[in-house]
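You will see two complexes here that share chain A, one where it goes with chain B and one where it goes with chain C.
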Partner chain A sequence: MASKFTVSNGTGWLMAGPAVLLIAGFVILPFFLAFAFSFTNQRLISPNATEFVGLANYRQLLDVTTVTLEPVRDDAGAIVIKDGAPEYPSLRTLTRNNPDRPDLAGMREWFSFSLGGEDRTYVLARDVVFMTAVINTFIFVLIVAPVQAGVALGLALLINQRLRGINVFRAIYFMPVVVSIVVVSLLWRLIYDGQSGLLNNLLGAISFGMIPPVDWLGNPSTALGAIIAMSIWQAVGFHMVIWLSGLQTISPTLYEAAAIEGASKWQVFRYITWPGLRNTAVLILIVITMQAFGLFAQIDVMTNGGPLDSTQTIVFQAIERGYGKQDISGGSAISVILFVIVLSISLIQRWLTREKT
Partner chain B sequence: MARISLKNLKKSYGSTHVIKGVDIEIDDGEFCVFVGPSGCGKSTLLRMIAGLEDISSGELQIGEKVVNELPPAQRGVAMVFQSYAIFPHMTVRENVAFGLTISGASKEEKDAKVAEAARILQMEHLLDRRPSQLSGGQRQRVAIGRAIVRKPQVFLFDEPLSNLDAALRMDMRMEIGKLHQQLGATMVYVTHDQVEAMTLADKIVVLKDGQVMQIGAPMDLYHDPANLFVAGFLGAPSMNFLKVKVQGVNGGKVLVSNGALDPVEVSGKRALFKVGDEAILGLRPQYLAVAQGAGRLHGAVALTERLGAETVVEIALKDGNPLIAALSQDAVFDIGAQMNLDFDPDKAHLFPNEPGAGSVNKH
Partner chain C sequence: MKMFTFAASAAILAWGSAAQAQQTLSMWYHGAGNEVESKIINQIIADFNASQADWKVELQSFPQAAYNDSVVAGALAGNLPDILDVDGPVMPNWAWAGYMQPLQIDEAKIEAFLPGPKGYWDGKLYSIGLWDAAVALVTRQAYLDELGLRTPTLEQPWTKDEFMAALDAAKASGKFEYAFDPGMAWTGEWYPYAFSPFLQSFGGDIVDRTTYKTAEGALNGEAAMAFGEWWQGLFKNGYAAATQDPADRDGGFAAGKYAFSWNGNWAALNTLKAFPDTVFLPAPDFGNGPKIGAASWQFGISASSKHPEGASAFIEFALQDKYLADFSNGIGLIPATKTAAAMTENYKDGGPMAVFFGLTEGQALVRPVTPGYVVQAKVFEKALADIANGADVAATLDAAVDEINADIEKNGGYGH
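Here is the complex of A and B:
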């Protein structure tokens, strides 16, 4: 039997046509182009012909290795102490023009640790900025996903009541969602301002000046946290609405039955509300995770990845490389890596939350 | 002891009065059925007893204690809902044990009580299934099981059988009757099915528009309905109502007749009838019989339904009004044939012709 799609369905295709073309041109084609470019040395604008370079882009991004160094000893064999800590040989001697270690050429120190003994292990990455971006993105996701989902659920439970004026609260919580993230980011840049920002003024006022002003976005130790807090606030209303729709699918008689059996508020949540929200929870977790991995606009508007790369993220790096540095192949490779990460995490989440029978 | 006593109970939603002052006394261990047409407030009244609806005014006592302000759990009641309200993500065992889980019972206690409930309801083989794997009747059993494990003093049922098919409904009806005998608890049962009401109840409360029409044992209500509504509501096919004229009054007896009815003397205890009044004569179809002689009622056969043991005949009376007779024999009647009927005047009911009496109809 012929498929419904192919037989005498001209009108249907004509109507779907524009949308199909647009999706093909702006979603499907770029998706495959990204894969293709990531194996070449394609640049945005270049006089040179594009060449196939195999996995070189991926190697450049993901190459990580370790070297373990012994401390520097003086002639007597004692460890040289400098600034209160043992001194180690300079890594540059290994990574710069060292004929013994051609594999380390061009790599940089990412971080180092020591396992108790005198020796110190250095972790070297070919692209330290990208590694920082990966770590930052994971930190962002690991904090935002549970916190945003949890806060959204709390709000949904609060506003899922018959109260006078409850719609006002629903509107207030939902409002940040309808404002463009770029506008929200600009506003929060003012709130986080190091001198006269709203947050510093507020903290100063409630602590009677005990808390000194902090340059929230200018300080490497607070910048990522500031962006996390603001991102959770911005989208929490959206997920609240999804939770709310999940809550409203639970039959009220179940709550009445529980009330007659004498269930406490917590028991009602544990035995009726939460099991009833299973599917909603899976949906929300996957949606938040995917959105969080796409973190870009806030960074672009608020910090540009700084200070000291403390707010670099994967998508920001992809765009920075692809367009900022015109390195389309590098940007494409980052996109493909992100795709693989998100895909595998979604599959893992689905497997973890599968219906157990 | 779990007597239930409703004193002038009222409920209104804003300006809508749903329950308009209800007084009912339900004895310990009694099976009390609320019946009435849809929307009359049966469920609302039951939910007020359960504590799921606030009481606007009046007093509710359960076991000699005023419980108006107590939350449902502290009233010592269990409830079975029309939609079963069993928890979809729990197994049958977990559902039945829910009340025990909530109160923190030990595993041994739970196992023992669940096993006992399962034995009483004959559902041992279902305990490890999920609700989605059960039929309607089995789900209702689970809901009843959840109600009985806590051994409450009072059971409340809100149309528990209305989602079941006819055969299953009869089975479950008998089981609920048996359960009542076994447990000896007070039961309040809401239905709009009069067969359920007649067969299960020790006491029936007939409700209409949020008011009690009559309270009594099933047979008392059947044989001695207090008003047209109760008379028309109980019994199937429902009672015939004939408009008659009072011809004479003699002590408690009243002589009535109309165009199709020869003068007959019936008991007139429900009101003070005067000569010349209009009144309503109620005749149950089952108490009509084909006359041996001239008979009292005259008309022509309009329609017959042969059910085997019974033949239901619709008769067009001489004055044009219809009449239903349920004759306890299998007989063939020709459509249009003249028919004379007779009845025992002691089994006829005379009601005053109240305004709105014409609207009395079985729904």
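Here is the complex of A and C:
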């Protein structure tokens, strides 16, 4: 067989050629360009020459610092209480036009905490929106990866039976995958509508009007959750099919043997099905993780990152900056950071799920 | 099949030689999908092509949502047409980037034009529009009478206090879902176009127009802070909703959900159909004079055009009053000259929308004339959405200023 491969090398390259060319042109080359642009001040449109700026784009995105402030005291030295909490000096006086701390210029409060005492520590970031986008993306991945994989496995087990009309169910579960994500997002925007949406009507009907309508996408505390739920629903069919293919590679003789041994349903799953799905599980986990990091279309159609940045994501920010705000260098830097994040997580996943010998 | 190919190429050859006498000028337009608009622009092109023997304009239409991206992509690929149309506030960006060249048009021809449709950058005329658009405070005479409100006029618009008292009265009447509909569902250019005039009426601006080098003090000064607090109050105090169903934006006023709607002339015809007693009130004066936005789509010539004289000839041809009137009658736009306005159904003296002509003449202020506007508009939109959703006013405006200033610096001052 080995000799045949070497002999047919020319044919092999010919067949791989179109794909290699397309991937090189549309994936590999742009990647290297993005890497190069991220160290410059490249604009989408500009008559100015591109200049090398070193790590400035990364510093702009990732710069974080902390400031610890003492509460405001009145003339008698007592802490001023405002709205039930001690009042702290305005950060604005520190970060704007403050010759004492030029390093803080342009930084904003990301979050703050108190370590017991009266002082409060403020974490300032140069790009709070990007930081929020990173956190949101991680929340999205951490919820979507296990839940989507689990639901898909459950569906795969359900439809992996010889029943009449099972193909109808397979088709129904798979249907959202073949519909364009943009269309699905538009439909779910209507479902989530704050006043007369399907979801609000449904909740109102089953609770006899006890549940008031919720503006699912307009409320910072529900917007990301709404997008997570919709995203899980949309792609679950795809992973169901992969699980199903994994299930069908498990030899039926193992199940027969288990039946003869009198194994319970749980034992069959635990000792035959699950070990047999090992490689499938690794694949699905990595695929979902990578897809989830690329969250963009739903955001672009449904929320545009709002309200109050509650649905900002890394890819949405990369495109918003690179194209919307014509800042190719900033968008490129975000892409490179995303690449490093996804690469490291994939490597960690590979290492955790390696074959232990 | 072969026969067909042969016949087709023969036809193309024949057509090519027939057209050879005329020099072809390519043209891009943003109005694909709008039948009436396409019909008018095609009519102008047909008239122009028939009127002389040197030039032949060929039109390619794009959907508006994809138009700007197409031009940028075309420019990057070195593939722009001779004539293109451009949204007024975007023109300085394209002119600065070297996509456009100044028009070769006799300035006397546009003397009578409203100021909004004239696109000047760097002292030169780069684009010219056949129309303008205006925004008014839309309400019904019946509401004004019922709430006992004075009808504001161009000479004596409502003050901030009068406007807020009107909103209070509408809210207290309990007849409306919300007193005011600013149009929050129309994300995108609507925010800077419709809401930055409020800020300017307070005395602030998106960027400092004396230098165009910074937004510090303009977008986060005292006036801007007052504007921000007022803007947030609209939503916090229940005069308006921060998130709006697009369907409510289109039909909410006609359904009686809102007492006042901040809306453009393009929506006026439908509103008049719903309520014949609709009135279009001038913008309130928040202390620094009443303001509304100006400038709509305009025509210009690409820098790469080899025949700017032909392109200019076409644009000059299109500036005739009858075409200005056609566009106005067709899609409700405000004609750029008084003489054309007199020829239209809606904008002639006593016409149902004539008030808009007065509004745009009396209150209109163009958006900042700078290549950086494209970015500044996005920053401004996000800041206003965040403030409406309850973000801290000072911190949000400061952040917007920082982002705008960083962008200006990254672009070497945008050539100002």
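In this section, the second predicted complex is superposed on the first by the 335 of 357 C-alpha atoms of A that agree within 3 Å, B and C clash if a C-alpha of one lies under 4 Å from a C-alpha of the other, contacts with A are read in each partner's own complex, and residues count from 1 in each chain.
In this section, contacts are C-beta pairs under 8 Å (C-beta built on N, C-alpha and C of every residue); 3 or more make two chains touch, one makes a residue touch a chain.
Everything numeric here is computed off the predicted structure, so don't read it as measured data.
Colleague: Which term applies to chain B and chain C once both are placed on chain A by superposition, clash or fit?
Modeller: They fit: once the shared chain is superposed, the two partners occupy separate space.
Colleague: Would you sort A:A257 into first (chain B), second (chain C), both or neither based on which partner it touches?
Modeller: The first partner, chain B, only.
Colleague: Regarding the shared-chain residue A:N41, is it in contact with chain B (first), chain C (second), both, or neither?
Modeller: A:N41: touches chain C, not chain B.
Colleague: Looking at A:Q161 after the superposition, I want to know if it touches chain B, chain C, both of them or none. Which is it: first, second, both, neither?
Modeller: neither
Colleague: So, does A:N304 touch the first partner chain B, the second partner chain C, both, or neither?
Modeller: second
Colleague: Touching A:K325, do we find chain B (first), chain C (second), both, or neither?
Modeller: After superposition on chain A, A:K325 lies in contact with chain C alone.
Colleague: Based on the superposed arrangement, let me know which partner A:R278 touches: chain B (first), chain C (second), both, or neither?
Modeller: After superposing on A, A:R278 lies in contact with chain B but is clear of chain C.
Colleague: In this superposed model, does chain C or chain B come into contact with more residues of chain A?
Modeller: When the residues of chain A touched by each partner are counted, C comes out ahead.
Colleague: When the two structures are overlaid on chain A, which partner does A:Q267 contact: first (chain B), second (chain C), both, or neither?
Modeller: First partner only, chain B.
Colleague: Quick one: angle from chain B through chain A to chain C, Cα centres, nearest 10°?
Modeller: After fitting both complexes on chain A, the angle is 140 degrees.
Colleague: Across all Cα pairs of chain B and chain C, what is the smallest distance in the superposition, given in whole Å?
Modeller: In the combined three-chain model, chain B comes within 55 Å of chain C at the C-alpha level.
Colleague: Which stretch or stretches of chain A touch chain C in the complex?
Modeller: Its residues touching chain C are 41, 43-48, 60, 90-92, 95-96, 106, 108-109, 128, 193-196, 215, 217-218, 220, 304, 306-309, 320, 323-327.
Colleague: Considering only the defined contacts, which chain A positions touch chain B in the complex?
Modeller: Listed in rising order, the residues are 251, 253-254, 256-264, 267, 271-272, 275-276, 278.
Colleague: In the complex of these two chains, what residues of chain C are touching chain A?
Modeller: 69, 72, 75-76, 93-94, 96-99, 187, 242-243, 245, 374-375, 378-379, 382, 385-386, 389-391, 394-395, 398-399, 402, 406-407, 410-412, 415
Colleague: Show which residues of chain B lie in contact with chain A when the two form their complex.
Modeller: By the definition above, chain B touches chain A via 50-52, 71-74, 77-79, 81, 83, 85-90, 98-99, 101-103, 146, 150.
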